[in-house]
């Protein structure tokens, strides 16, 4: 399918792509995009409190559990997923991860990339992941990086999905994606993250309120929304 | 033409709609939009240095001259124009202007509205005009304003065009409109503003550099651009 | 009751004190504070779409309806309410309103004052009300204002309650009030605003998510929260 | 003295030009500048608590007292002063004040203008005065304002002096004026403001700490400094 | 003393905890808190100009001198101190320092943590220390960090003390701690830093002016204040 | 020439010092300053698309080509240049580079230093270079860095030159350098960068528009300008 459009999601931990971008993933998959998730860590140290409470938990068992969940959620949403397994709290990203990320940008030549917000005082892996996704996005343009490689690449628009406490992250959405058509899928993906049941309701409420805001801002009827903040100016041919 | 789309421009002075939004006006007129300019003053006191240098100039002669120019420029760009004649330096907007502006929003039900930036320490008429355009845009939604009136209105997206010194106005464009197809028209409108010849080159350079920026941000080939900053989040159905 | 503590709320329209500060009102009333609401307008033009849809609606009938609702809601929450009837969209505040507001600050000598956020591009009455509440709070300190008047007054802390779309208003909460004990009362006050039923769920979701955020930020268990942003530094004697 | 350079200070109340700009006034007077202070009000309502505590105080007596102080302080600093007597808390500036201010800009053609900071949540007269000084500075350029008038005018650089609590006003100084040579004069002017003795020490400490900051930022030895924030870019011919 | 409350201070160099947080340390020690200072470096390269001017100074002699001073100051203020000796200008923090810092958070389970401001263009060790204190504060919550460890930990509120030039660091205090009861102790700690005598007066002036600001903001009488900026929202049960 | 003044420029890649600071370099060289450029990388991977398009290009050939260009441009502008050859996309700055940079500050004791803006989402090497230039500027003051070294050093003012898309970098110029006298030289240096011919016009337009802005802000006649943003407050002895 040479002309298949593609989308890329770069997240620090498995839960992030579900809560924050699950609608975008499912929606574009449904539209025929090839959607790929790069999941930098399994969130094994910092985002798996529930798993560590189980008797006999080890780093490997926790990672395996989170990996399984993430794979099932990605599949349910219609995306493929690649794990960098770089470790979390903090992320330990090295040059090999950097080069692999650049390769993915070039392999995929995505029409959009989604990642975390610029700041997050509650979770330093998030801005690190955002910075990593941004910097590799630029380096992928550099012909002097792996010179001679064959690829077609144009740096895609960069959208930042919503953090848990947006105002504390100085996050200001400028775009709301209507996700009504895939809401059930997104909610089912929530349910794969069984141990974080307390977040199901939280992010359902976020989706409903973003939906109302989308409606109020534009008059477009919608029930569920996903908020994004754009990093670069876009070009348009018509304002109306 | 019941389904003709419309666009609205609200400017403090005649020059503004030419330098800052002339591309958008001509482009949408060309696409079949009905485009209307509301020009709050003639810029007769503060934006007509050249005219005052002529012997025998009076307030009326200066206003007449600026009005003539503005009408010709609007016509060349394909728009209709309505003058509020509220006085400039400062704008003296009263309740009648307010109500007329609300009526225009309702009569036109525009698909977009363009006005000045939020701040401008070089020209206080500019943020005043922006505030006026914003507030009347909201009031036009209020059923209790002229109750019983018949209209169809949905508050349009609000785009702020570029001030003369964008950084000093804390202006950050998030949208570049490709205006290649109407550039010649825009430049001809510049030439109607014969006394401000020193600005022809200035705003041609702005258009060229915004064009290059538009290209670099998106890969879309373009030569001339007009920058805009968006006030409200938009809704979209696809990110790619 | 000479030592009864008091609280003051200044809102542009009736709905605002219910959606945004209903918890604080009920909570402090319950704690024995005398709580007073100053409601600048009835929201008769801009915040009463439902009422205007009724056959035969007039400005007076709409105002009467909104006044009745506001009174019932204030009573339910345990507060007294004073209407300035200054008109809305826009607020038409004059010197008499200004002086009355100053008198209220002095009569009440409140321990806190709550009002709108500093900015709101969706509703210009909101920042106007905030500015009015701020400026009169300061003028109430001036001995030269109504010299010879007898009063005891110390300018209270100023808290701004949450607007409908906080990020678009550059609103950043720094305080979450736990309102579990009065949540039912607040929700009942929602139900008095029968025509805005679509907001019941919206603001219930806001309260639940602010509650979770409050919990996560402090470890204090709570279900329902109301967010506030502080205008001035506070003084403390202990940080732990 | 046709080539005498001039400086202009626009303050809301008498104390402001002493505490915040007394050094700049005395310094430029000493250098041979003609320095003029425009004092918009006497601070009679809001900045004269001490005077109102005196038995039998009336608005007129308070104004007379503040005027006398202000005149003596201006004289001591080497400046002339013009009172607009527009009233305070709030300032009641009208079109006549506006036109007089424009005339003063044109009469004086100052090399610099000093006024308040852009924001001040403790005192709304301050940002109002700043806005008034800014807007008239621009209008003075407009040939259509009082056409036919003879004057020579070029809009001067605009410096904002330090508010009482700079961080709360989002004030960020970019310039420190060395005032060692006139410090004694400035401190003597403090002493004219006998009733505000508690501020003598406060502003002496501000001057000393700004002096140390000036030194640390540049290596230039200095003891007393006055901080300013610049509104517009400057032009230079050498960076070293 | 199982229920003894604790406080934690994380500073880049020895002087910082004295000038910036000496009041908070002494005050909480006096209230019965166990207060612990983590001092990341001795400031041996960049904060010891005086010591290097002594004949025969070596890195070891300078470090020993600063350590002695820091220990005496900590003792005088009533706190214990732990040195990380990570080197300064720049700080060279490694994984072992990171893990030790996490352990300290868990051992202490502090009621508050104090550290540097988010930005400081005069001293890059300061924001680095702040980031380190923030990130380890979060990681200490992660059960997957040293799984199986026994501890009780809840992430404490994070307060940032005042940098040398607050406005240049975009620092905006929202909290002033009244330190009158321990001012003499704080000033005695200044005197241990004998070589920086020029800062005694500077920080005494800061304390006096912050005290006056605290008073003016709240009406609470106080003479000496220490300013703090809060990183996260707090929860409260009463606003009055 | 013991009293020769000096200036320092720190750039990530060769083109930067030409497009962004070429005027300042040539101007100060002409005034007799010794001007030194530190060029951290050759831009060999990310800023040499043209060179990689040539058949047989290797990393070494590309670096050699860029080095040759940079040397000729520096010479034409009148500056000496030192290459750190640290690699680009990303910069790989290590402790040896850090120490060498500190040595250069001390050897040169510059009257000013120019470097990149604080942010640049299009090019992460730029903010990295800025941070590096800032931090080493501070460390050069530390007597404990290479104790015993003989040098005379006072931290110079720090000016940030203009990025490619200033608003997207939150860049706000506060200083415009008049470069009319050296414009031809700057433009000739553009021409050495033969492969980036598309930028010749772009940066000529920037210079012309900054020139007009400089003129409008000050009344000083000028044609070509270079914009700078200042990092620290300056001290002055006269405002006029």
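Note that the chains are named A, B, C, D, E and F in the order they appear, and that numbering of residues resets to 1 at the start of each chain.
FYI, contacts are C-beta pairs under 8 Å (C-beta built on N, C-alpha and C of every residue); 3 or more make two chains touch, one makes a residue touch a chain.
If you're wondering where the values come from, they're calculated on a predicted model, not measured in any experiment.
J.: Could you tell me which chains are in contact with subunit B and with subunit C alike?
T.: A, D
J.: Among the chains, which has its CA centre at the largest distance from subunit C's?
T.: Relative to subunit C, the chain with the farthest C-alpha centre is F.
J.: So subunit A and subunit E are the same sequence; what rotation in degrees superposes their CA atoms, nearest 5?
T.: 120
J.: If over half the contact pairs have to be identical by residue number, which pair among B-F, A-B or E-F is the repeat of A-F?
T.: E-F
J.: Under the over-half criterion for shared residue numbers, do copies subunit B and subunit F use the same patch or different patches to meet?
T.: Result for this pair: same.
J.: Counting C-beta pairs in contact, which chain pair has more, A-B or A-C?
T.: A-B
J.: With chain centres defined as C-alpha means, what is the inter-centre distance between subunit C and subunit E in Å?
T.: Each chain reduced to its C-alpha mean, subunit C and subunit E end up 38 Å apart.
J.: Just the number, please: Cα centre separation of subunit C and subunit D in whole Å.
T.: The computed centroid separation for subunit C versus subunit D comes out at 37 Å.
J.: How many angstrom lie between the CA centroids of subunit B and subunit E, rounded to a whole number?
T.: Measuring from centre to centre gives 53 Å for this pair.
J.: Give me the residues of subunit A that touch two or more other chains.
T.: In subunit A, 122, 168, 173, 213, 232-233 touch at least two other chains.
J.: Between the chains shown, work out who touches whom and classify the graph as line, ring, star, complete or other.
T.: Topology of the interface graph: other, matching no listed pattern.
J.: Just spell out which pairs of chains touch, all of them.
T.: So the chains that touch one another pair up as A-B, A-C, A-E, A-F, B-C, B-D, B-F, C-D, C-E, D-E, D-F, E-F.
J.: Please name which positions on subunit C make contact with subunit D in the complex.
T.: It comes out as residues 131, 134-135, 138-139, 141-145, 147, 231-233.
J.: Quick check on the complex: what are the subunit D residues that touch subunit C?
T.: Touching subunit C: residues 44-49, 52-53, 57-59, 62, 88-90, 121-124, 168 of subunit D.
J.: Given the complex with subunit F, which residues does subunit D contribute to the contact?
T.: Counting only subunit D, the residues touching subunit F are 5, 7, 24, 27-28, 31, 33, 110-112, 114, 154-155, 157, 159, 173-178, 213-215, 217-220, 222, 225, 227-228, 230, 232-240.
J.: If we count contacts the way the header does, which residues on subunit B are in touch with subunit F in the complex?
T.: Residues 122, 164-168, 170-173, 198, 201-202, 205-206, 208-209, 212-213, 216 of subunit B touch subunit F in their complex.
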